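By letter and in written order, the chains are A, B and C; residue numbering begins at 1 in each of them.
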Amino acid sequence: MKRHFARVLLAVVASLWFLPALPAHAEGESVVISGVIVDLSQAPIANVEFTLTAPDGSTQTTVSDATGLWQFSVNQTGGFIVEINPESLPSGVGLREPDRLTRSVFVFNLNNSPAQVQYLTGEGPKRASFTERALQLTLDGIVLGVTIGLAAVGLSLIFGTTGLTNFAHGELITLGGLGTFFFNSYLGLHLIPSALIALVLCLAIGGYAQDKLLWKPLRRRGSGLIAMMVISIGFGLMIRYIFLFFFGGDREQFLQYAGQAGLQIGPFSITPKMIIATIIGVVLIMLTILWLTRSTLGKASRAVSDNPALASASGIDVEKIILVVWVLGAFLAGFAGIMMGLNQGVQFIMGSDTLLLIFAAVTLGGLGTAYGAIVGSMVVGLFIQLSTLFIPTELKYVGALVVLIVILLVKPQGILGRRERIG
Amino acid sequence: MDFLFIFQQAISAAIGVNAIIYALAAIGLNLHFGYTGLLNFGQAGFLAVGAYTVAVLVVSFEVSIWLAFLAGIGMSILLALILGIPTLRLRADYLAIVTIAAAEIIRQVARSVTLREYFGGSDGITGKFGADFFALNPFKAGLDTPILRFTPNDLWVVLVGWVLVALFVVLTWAIVRSPWGRVIKAIREDEDAVRSLGKSVYLYKMQSLILGGVIGSFAGFVYAISRQSVQPDNYSTALTFFAYTVLILGGAARVLGPVVGSIIFWFLLVFVEQILRQAVANDLIPDWLLNPNQVGQIRFILVGLGLMLLMIYRPQGIFGDKKELALNARA
Amino acid sequence: MHAPNTSQKDRAVLALQNVEARPGVSKPDPIIVADNVVRQFGGLTAVNVEHVEIQRGAITALIGPNGAGKTTFFNLLTGFDKPNSGNWTFNGVELAGVAPHKVARMGMVRTFQLTKALFRLSVMDNMRLGAKNQIGEGILRSLLPFFWRNQEAQITARAEELLQRFKLDAKKDDFAAALSGGQRKLLEMARALMVEPELVMLDEPMAGVNPALTQSLLEHIKDLREQGMTVLFVEHDMDMVRDISDWVIVMAEGKVVAEGPPNSVMSNPAVIDAYLGAHHDLTLEED
């Protein structure tokens, strides 16, 4: 319900931005969302990239033509999000509001007149040198690597102890991000308590309840690993679209710290919130490693990974270990979701969009080893960011996935993985 | 509620183009997953390669559509080789991860702004690239009965599509009962045993991957020709997962499983969706509970739930028997 | 059928009677010769065999306590695992680095400790799969049954013969999953014979077989020798080893520690030591 009030409010606000209607050339059942982008001297800018996210979550991309005009034709009603890609602006041109990359547009019905969206430009940031960019991207890569690593450790531990390749792990990330957003935006709590409640939700529902109610009964039934993998696909799909159902398809920001200004530390630019989040992330990963190497439970979990039958025979309660690993994995993934939310907002698809990168990290590190997952995550994070020095930003994930395939070709057992015993 | 309309929509879907596309995609997956035990999670990539090869060659290079089909088959073979060479020697889950990654690579490259002049970015490619195909259409009139409605062109696509489905079903039937089929089924059961008997497991897996992938590219051809356009986001991983649902619904490792699965899948999906749509339109379901935009989302929730429940309670498909279930559990 | 008294067994015993009982000794007519085969897992050396030869036409037992590296050595010889170093020959052909299916085609066929019956194939299809050079296994010709129909009939006839011998003919149309553990062992052995091997390598053929079937399994193994095949098998049941083998090779901690005819090896102090020593770590069960 709340959602719909928000939509109506959004629509009222959005309608204030609309300029008087252009001559209606919307034909039949579609509406045009468009704009003209010009620089300070009112000269049109061509080839600027815009992305439109529809209420059903689908996206389309377009670029401005020689007259600076860009447009989308839509044939559904609801809230749309337009996003500009600031990196597609020519050098020397930037956005006047660099933190406001998105605009919301609400289409009431398909006979509406075209919706106009405006982006104002100003002087762009001065082009950084290659070294400066490389340094900045290294920092961004570390932040991304920590984010991926938090999720990858959990995925890897679950894989190690149960053999499950969990295709629904991304939804734990989303649960962390959207959960925080829910308490923050819907219930009006401050971000920090919201995040804490969301994390409790993650470990209680995403971890404890998920294992108790879904995976443990399946293990009891003796479900095969491939069957469980397919079940996780169905589960992930269902949860993802339940999130969409309740939260809508828009990318949303937390209420606090959303537009935080970046700090300039030497050659690095980073927001204070990301410094803090990354440090917490690193601490969580280190605590996990300590737990694995020092605590009785952690050591037992490694024993279960090595040989469940042997571990069980030597008196380790395997089911208890698995439950602990699920709770820990869900907690870590939930924190990754909060980190991602702080950095780029939350959306129902945020987790599943990251899932392949997490798989890439885990596979690179060697399936089933927690350290491997962390190393793999840092490699993936750094590679993705640094690759943009050479390839278009929009293809950076593609680059990482290609590298995954190439590395498997050369070193099938992953960077840290050992050859396994056969027969 | 207009039940005649609901049935009309559901039956049209059950024998329409979508059912054909998913039946073909699932026939390929049946060879991979059902018979060989290969976890190909990138079937969408094979469809995309087939569809895009035809669209790009015909629209941009003005190649004859028949040559373009041949090229599409060639490209899907190439894709199978690229995926298979690094992964078919490794454990099953590596193939799963690499194939799903490859399908995403294909989709993201196809929708990239950088390569927009070739692939048309997120809008894809639209054009009359099926003209040569539709020129052969013998139907002058469409079908307009109370239950079924097709335009002449739709009728032609549907007819050719089902002929293709029939051909590939017969091919599957013939090949799985041959000694070749015996080898791939044995690989599904235990590949080390097959190695110990002197068969090159790698070779057979590769052949299976190629054959199933080529069948997938035919699904891509039907997709592209029926809509006269290709759009990258149609070939997302959701397509692959839907195809798996179709396969498991009808029964994996059954010759007719994918066809039965696809017909039931599309009938149910559209039936439920239309009932919800009408209920919303007639205010039987209040708008705050479900608005028209959300009906499309319900589809995904239902498919996800359906896939889970099938895999938990009826992994042998809705028509499978208990005996096979017992075998599955032990295998 | 050979008369029992002029059997292959006597020939094998005769050939081996003057061979000295020490690790790595040369045999008069070896089918396998292995040198310096080393396999490490992490820091652990699972196999470190300096030199070993397997006599043609004989039944050789490979024994040793759990964790001695017998199965790993089997995996290495048959190409299922790759050694860190070492080389070995089969009939004089260098085998290091050869893929497992090619090893099998050369006539060196193995079974597995945990039986690998192909569950959702019929018993008959399990058998047919073993036949070599099948025309219908080519992807194109598989679609044209007239190419392979005759060969398939011949293969089926041969499979039926073997199934009769192994008393599985009544089960031929059942799924392999429906067989008992012992029957699966028999099926696996019969299936290996479909490949027409020269050397049959059996990994713990008696493990998990009920005592009623043990005797018939033993007879089948002796039968292989009578038909001119060489048998190498892994076992740790000493009684069985004594009963059927012509030669025994003892492994402990990855090395060959003793060799000889069954009776002399059993009394060898190194062997007793290896077994007694191993009782303390019975938990190191191989899988």
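Simple rule for what comes next: contacts are C-beta pairs under 8 Å (C-beta built on N, C-alpha and C of every residue); 3 or more make two chains touch, one makes a residue touch a chain.
Because the structure is predicted, anything quoted here is derived from the model rather than measured.
Peer 1: Which chain has its Cα centroid closest to the overall Cα centroid?
Peer 2: It is chain B that sits nearest the middle.
Peer 1: Could you work out which chain's C-alpha centre is the most distant one from the centre of chain B?
Peer 2: C
Peer 1: Centre to centre, by mean C-alpha position, how many angstrom separate chain A and chain C?
Peer 2: So the centroids are 53 Å from each other.
Peer 1: I'd like to verify one number: the distance from the centre of chain A to the centre of chain B, where each centre is the average of its C-alpha atoms, in whole angstrom.
Peer 2: Roughly 28 Å separates the two chain centres.
Peer 1: Could you grab the centroid distance between chain B and chain C? Build each centroid from C-alpha atoms only and quote it in angstrom.
Peer 2: 45
Peer 1: Counting only residues that touch at least 2 other chains, which ones in chain A make the list?
Peer 2: Within chain A, the residues that touch at least two other chains are 422-423.
Peer 1: Identify all positions of chain B at which a residue touches two or more other chains, and write them in rising order.
Peer 2: Within chain B, residues 192, 331 contact more than one other chain.
Peer 1: By residue number and range, which residues of chain C touch two or more other chains?
Peer 2: Touching at least two other chains: 80, 112.
Peer 1: Report the residues of chain B in contact with chain C in the complex, numbered from low to high.
Peer 2: Going by the criterion above, the answer is residues 171, 174-175, 178-183, 185-186, 188-190, 192-201, 207, 211, 253, 324, 327, 330-331.
Peer 1: Quick one: in the complex, what on chain C touches chain B?
Peer 2: Touch list, chain C to chain B: 78, 80, 99-102, 104-105, 109-112, 116-121, 125-126, 128-130, 132, 134-139, 142-143, 145, 148, 152, 175, 177, 188, 191-192, 194-195.
Peer 1: Going by the contact rule at the top, pick out the chain A residues touching chain B in the complex.
Peer 2: 1, 4, 49, 51, 55-56, 58-63, 76-78, 88, 165, 218, 221-224, 226-227, 229-231, 233-242, 244-245, 356, 359-360, 363, 367, 392, 394-395, 397-398, 401-402, 404-405, 408-409, 412, 422-423
Peer 1: Considering only the defined contacts, which chain B positions touch chain A in the complex?
Peer 2: That would be residues 39, 82, 85-87, 89-94, 96-98, 100-102, 104-105, 108-109, 111-114, 116, 121-123, 192, 233, 238, 241, 244-245, 248, 287-288, 291-294, 296-298, 300-301, 303-312, 315, 328-329, 331 of chain B.
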